[in-house]
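Below, chain A partners chain B and then partners chain C, in two separate complexes.
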Partner chain A sequence: MSGDILKRIAEPSLQVVGYVVLAVMFLYILTPLVWMFLTAFNPEGGPFLELPKEFTLDNFVMIFTGEPIKGRAGAAHPFYMTRWIQNSFFIASVALLLVVTMASMAAYSLSRLDFPGKSLLMTFILLIGFMPSMAKILPLFKLCLMFGFVDNLFGVAVVIASSILPTQIWILKGFFDSIPRELEEQAWVCGCGRFTTLMRVVLPVAGPGIAVVALLSFLGAWGSFTIPLILIRSEDLYPISLGIASVFIHNPGEIGLAVDYGPLCALSIVYAIPSLAIYYLTRKYLMQVRLGKMEVR
Partner chain B sequence: MVEVRLEEVTKRFGNVLAVDRITLKVRDKEFIVLLGPSGCGKTTTLRLIAGLEKVTSGRIYFGDKLVDDGETTYVTPQRRNVSMVFQSYALFPHMNVFENIAFPARIKKLPKEEIKKRVNELAELLKIKDLLDRKPHELSGGQQQRVALARALMIEPSVLLLDEPLANLDAKLRVYMRAELKRLQREFKCTTIYVTHDQVEAMSMADRIVVMNQGRIQQVGTPDDLYNRPANLFVAGFIGSPPMNLLDCTVDGREFLNFGAFKIKMPEDWIAVTQGVGEAIYGIRPQDIKVYKERREGAIEFVVYVTEPLGDRIVLTLVKDDLWIKALAPPEFTVEMGDKVWILFNFEKAHLFDKRSEKLLI
Partner chain C sequence: MKIIRWIKVHSVELILATFLLPALITLIIFQLIPTIWTIWFSFTDMALIGKRLIHPRFIGLENYVKLLNDPIFWQSMKVTFEYCLASLVLRFVLGLLAALYLTSKTFKGKTLMAAVFLLPYIIPGVIHPYVWISMLDTRYGTLNRILLLFGLPSQSWVYKRAMESVIMINSWAGYALAMLVLASAITSIPKEYYEVAEIYGASRWQRFTKITLPLIKYPVMLSMILIFKEDIDDFTYVYMFTEGGPHYRTELLSLYAYHKAFAYFELGYGCAVGFVIAILVFILTLAQLKLGGT
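What follows is the complex of A and B.
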């Protein structure tokens, strides 16, 4: 009986404690985002969380036109938002294409073919993937100099793709492994050659996996900072990540080195939108991913 | 529609001998069933015929055409014109039912109108007309099975290969589909090779059954052959439910079979065959044992160990010393565990196997 009473008291109170913990974590995570959002639309936003007295789109206009806002201390350094977005899109798209084509071919052969040294090769790929890209940046930089990849958007995309590729091969291999061989054999019996089987059966069935790899490589390249930082010198080749950093460095606000928060927050929001949009578009596939296993019947 | 011939076909996977010198002729339009326990090589044999595996040695012919000899000739599955239904059905998950059925015809580039007509005919025949827009994962097991079958019948295959197509269905549906499949095969008149481990399925559908064990053919014959004239101990034990009683015995003197716990006098025709035989195995089906509640001339006394009423009959497990047998009795035959019964063997239906070679003696 006493156990029951304890249970009756303890269970609800545990629940309350749980909710309090969750609420605190929720606030902790959400507050900076709320601040960023409010500040972006606030004509007088600062480093404090405050409700704007007026609502404005000036910050967004400013980052796209590069024109300073009237009545505010002018930006010492222009914004090239449109150009940065173009650069980022270029890098991310090229990286995506490279990773998807190469990872799907590599993963398919690793999944279906048997050859000597296969497990060694797989371990090697994994090790390279786990190695932080900064650890190999010196030889990589040398290599980039040789190939003319320095200060070259395509070169940056290739380097980023190469750093993303190994893990994506592993992810896709998991997907191909989960496609029953019988599906392919069925296709062969129906008259498909290897290539037709790949195009008409394997790739469509692996669709969700490929979508996931595409999403991850796009986001990886879109968010990449250090590789462009090292490889890009001209300001008109900056992707957004470098652009935001340059604003920090070059655009002090009114008081000394304080940052002009309004445009920066607007910048950050614009930077985040493609990632969110892509997530939204591919969420259907993401939901089908069950840790690399698909339900195929 | 062709005849399929396997000559001395052997398949090894590394050190594992999956199929061991199989020679078999599947006649044109015949429904043949490969029957055996799991791992007996029946699925491998099917895959060899489909071309999904290459033979290690031996030859496979489709009609007069050599399709695989393990050396110079190997015709790929794409060019053998076979249809196959896998145990998992292997429906393409990204295509709807219509596209799944149409797939082989699309690959063969048949005209669109013809494909549409044919798919509709097959869907009608297999009662899946309402499902053509659905995706495979929206179908029940039985529906998926029929879609797979429709796809296999879409083109007119030389040989229809079925790998345990009913294994994933529930018991009731399985019985229904058994009859449907048999009817379809007669209707389409295609040479059909069907793999199963279920002897009831094999008995009820096949023109001829190939019993396999450990990569070898044990016996080829009609269901009647296998049931009434099993070639060896394996076939005897595998065919029939409840299985045949297989009792160790020795030929004692000239005319007696000694089971240890008792002796029986053999009929005249047995005596001639059993001369010189020492240890043997006596096989008798449960339905060929007569059970009485009273003592009777020549009958042997057993004790009822357990009774299993099945409605239309009762399966009795009987014991004498350490000898166990199963017998069938009519439903009105009421006995309790521990009761004494007397049994008579029907020698007309019984068999004797050589203990060493396991071959049928009589």
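What follows is the complex of A and C.
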């Protein structure tokens, strides 16, 4: 009886505490982002949270045209926003295509084929992906010099794709494994060719997996910083990540000094929009990634 | 003849096997060869420019001896240890909390929660430090305003507490990794377990420690290993935020390797640091697997 009362009091209060903690977490997550959003539309934004007195699009105009805003000094460095966006889009879409094609081919093959040493190969792929990037990224410069991949957007995309590939093969193999082979066999019995089966039966069922892989590889390539930092030397070919760094990088510890906050926030928003858009398109599938298959050690 | 017949019988398998080739070739050229090269370069005096880029000299363990006597290396070891440990704890705890919210029946608004929880993870990493400017500003920053509210002295986050600031940014940006892994693990636990436990009068806490935790043991370990690997590897935040300063207090090992190779042009030495990172990841992964009892 007393336990019952305790429960009746404890349950709702627990819920209240839970919601309070949740609210604190939301504040922690959202406050920095809210500042970014407000400051992008603020004609005189500073490094502090405040509601803009008037609403302006000048900052967005500024980052695309490079025209300094009236009454303020221009950025120390010129903006090449359109070119950065083009470069980033090129890198991200080439990397996405490469990863989706290569990973789905490899994962399908690994899922349907049995051969001696298969688990060894899977472990090898996992280990390659797990190698810290600092343990392979420095010689990449020399390797890419040999291939002519330094200062080459396609080369950068290939290198990024190769670094994303291992995990994506594992994720996709999980999805292909969950499609019973009988389903395919039935399709063959009914007179579908191998290829038609692949296109009409397997790919639609593995669709969510491919969507997740597309999302993850786009996010990875669109936001990539270290690999372009090492492989791209000329400013013409900067993706947005390097572009932002070139405009707003500051001396050690000088954050908050001599930075034009409005354009910075506008640029950040423009940079984030494609990532958010592709997340929005694929969000339904993201939670379906079962990492259970990765538990095989 | 025999070979031709074998090929005919196994044609489908052979075609499937060729599907593997593009991925494998890419991985070998752009991932495996650089890894092996890192080890090889770390035993040479290779430089990024000039004659020593093309004709490096084999110098044995000289780079590693230099490393052991390099005060900045030990400084960045210490800094990396602090950074990784603090980030691991924060990212894991926040991620677990978020995963519990996402999977619990008690709390409403899952779609909103998922969207908000994933926001920092989705926006590109380069802008994370910038987004935090308003939080960390010394005079009007949000954090200092909160401190003032509680009557505490305001801090010079960027200058005096650079490490704490980077850790905060990193855990803000990266907890979603643990959240994704743990949430998908928790949803795959059969509902019946909890129903039975409830019938037998198990409390919420008991249900969590006796059912959820043991069943997500491997995902917990997996997420910890992934977090550790990401933190020791990625120098984007410190590069954007402090460039390792002030006085090497945020010079992570990865940033140190990059600086050695691309600012001081000592590619061989940078590779030695990179190889040390690989060894650290390897040892700590093994340790975590051992601790997890596998």
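As a working rule, the second predicted complex is superposed on the first by the 262 of 297 C-alpha atoms of A that agree within 3 Å, B and C clash if a C-alpha of one lies under 4 Å from a C-alpha of the other, contacts with A are read in each partner's own complex, and residues count from 1 in each chain.
Convention: a contact is a pair of C-beta atoms (placed from the backbone, for glycine too) under 8 Å apart; a residue touches a chain by one contact, two chains touch by 3 or more.
All figures in this text were calculated on a predicted structure; none of them were measured in a lab.
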Q) Clash or fit: how do chain B and chain C relate after the overlay on chain A? A) fit
Q: Examine A:204 and indicate which partner it touches, taking first as chain B and second as chain C; both and neither are also allowed.
A: first
Q. Of the two partner chains, chain B (first) and chain C (second), which one does A:122 touch, if any: first, second, both, or neither?
A. neither
Q: Measure off the angle at the C-alpha centre of chain A toward the C-alpha centres of chain B and chain C in the combined model, and quote it in steps of 10°.
A: 90
Q.
Going by the contact rule set out at the top, does A:138 touch chain B (first), chain C (second), both, or neither?
A. second
Q. When the two structures are overlaid on chain A, which partner does A:61 contact: first (chain B), second (chain C), both, or neither?
A. neither
Q: Answer with first, second, both or neither: which of chain B and chain C does A:171 touch in the superposed model?
A: neither
Q: Pick one for A:22: touches chain B only (first), chain C only (second), both, or neither.
A: second
Q: Examine A:49 and indicate which partner it touches, taking first as chain B and second as chain C; both and neither are also allowed.
A: second
Q) Which partner, chain B or chain C, is in contact with more residues of chain A? A) C
Q.
Between chain B and chain C, once the two complexes are placed on the common chain, what is the minimum CA to CA distance in Å?
A. 9
Q | On chain A, positions contacted by chain B and by chain C | A | 295, 297
Q: Over in the complex, which chain C residues touch chain A? Could you list them?
A: 12-13, 16-17, 19-20, 22-24, 26-27, 29-35, 37-38, 41, 48, 53, 94, 97-98, 101, 106-107, 113-120, 122-127, 129-142, 158-159, 162, 172, 180-181, 183-185, 187-188, 204, 218-219, 222, 229, 232-236, 239-246, 253-254, 257-258, 261-262, 267, 270-271, 273-275, 277-278, 281, 285, 289, 294
Q. Across the complex, what residues on chain B touch chain A?
A. 50, 52, 76-78, 82-84, 86, 88-94, 103-104, 107-108, 136-137, 144, 151
**Q.** chain B partner contacts - residues on chain A that touch it in the complex
**A.** 180, 182-183, 185-193, 196, 201, 204-205, 207, 295-297
Q) Which of the residues in chain A end up touching chain C in this complex? A) 14-15, 18-19, 21-22, 25-26, 28-33, 35-36, 39, 46-49, 98, 101-103, 105-106, 108-110, 112-113, 115, 125, 128-143, 158-159, 161-163, 165-166, 169, 194, 219, 222-223, 225-226, 229-230, 240-241, 244-245, 248-249, 251-256, 259, 261, 264-265, 268, 271-272, 275-276, 279, 283, 286-292, 294-295, 297
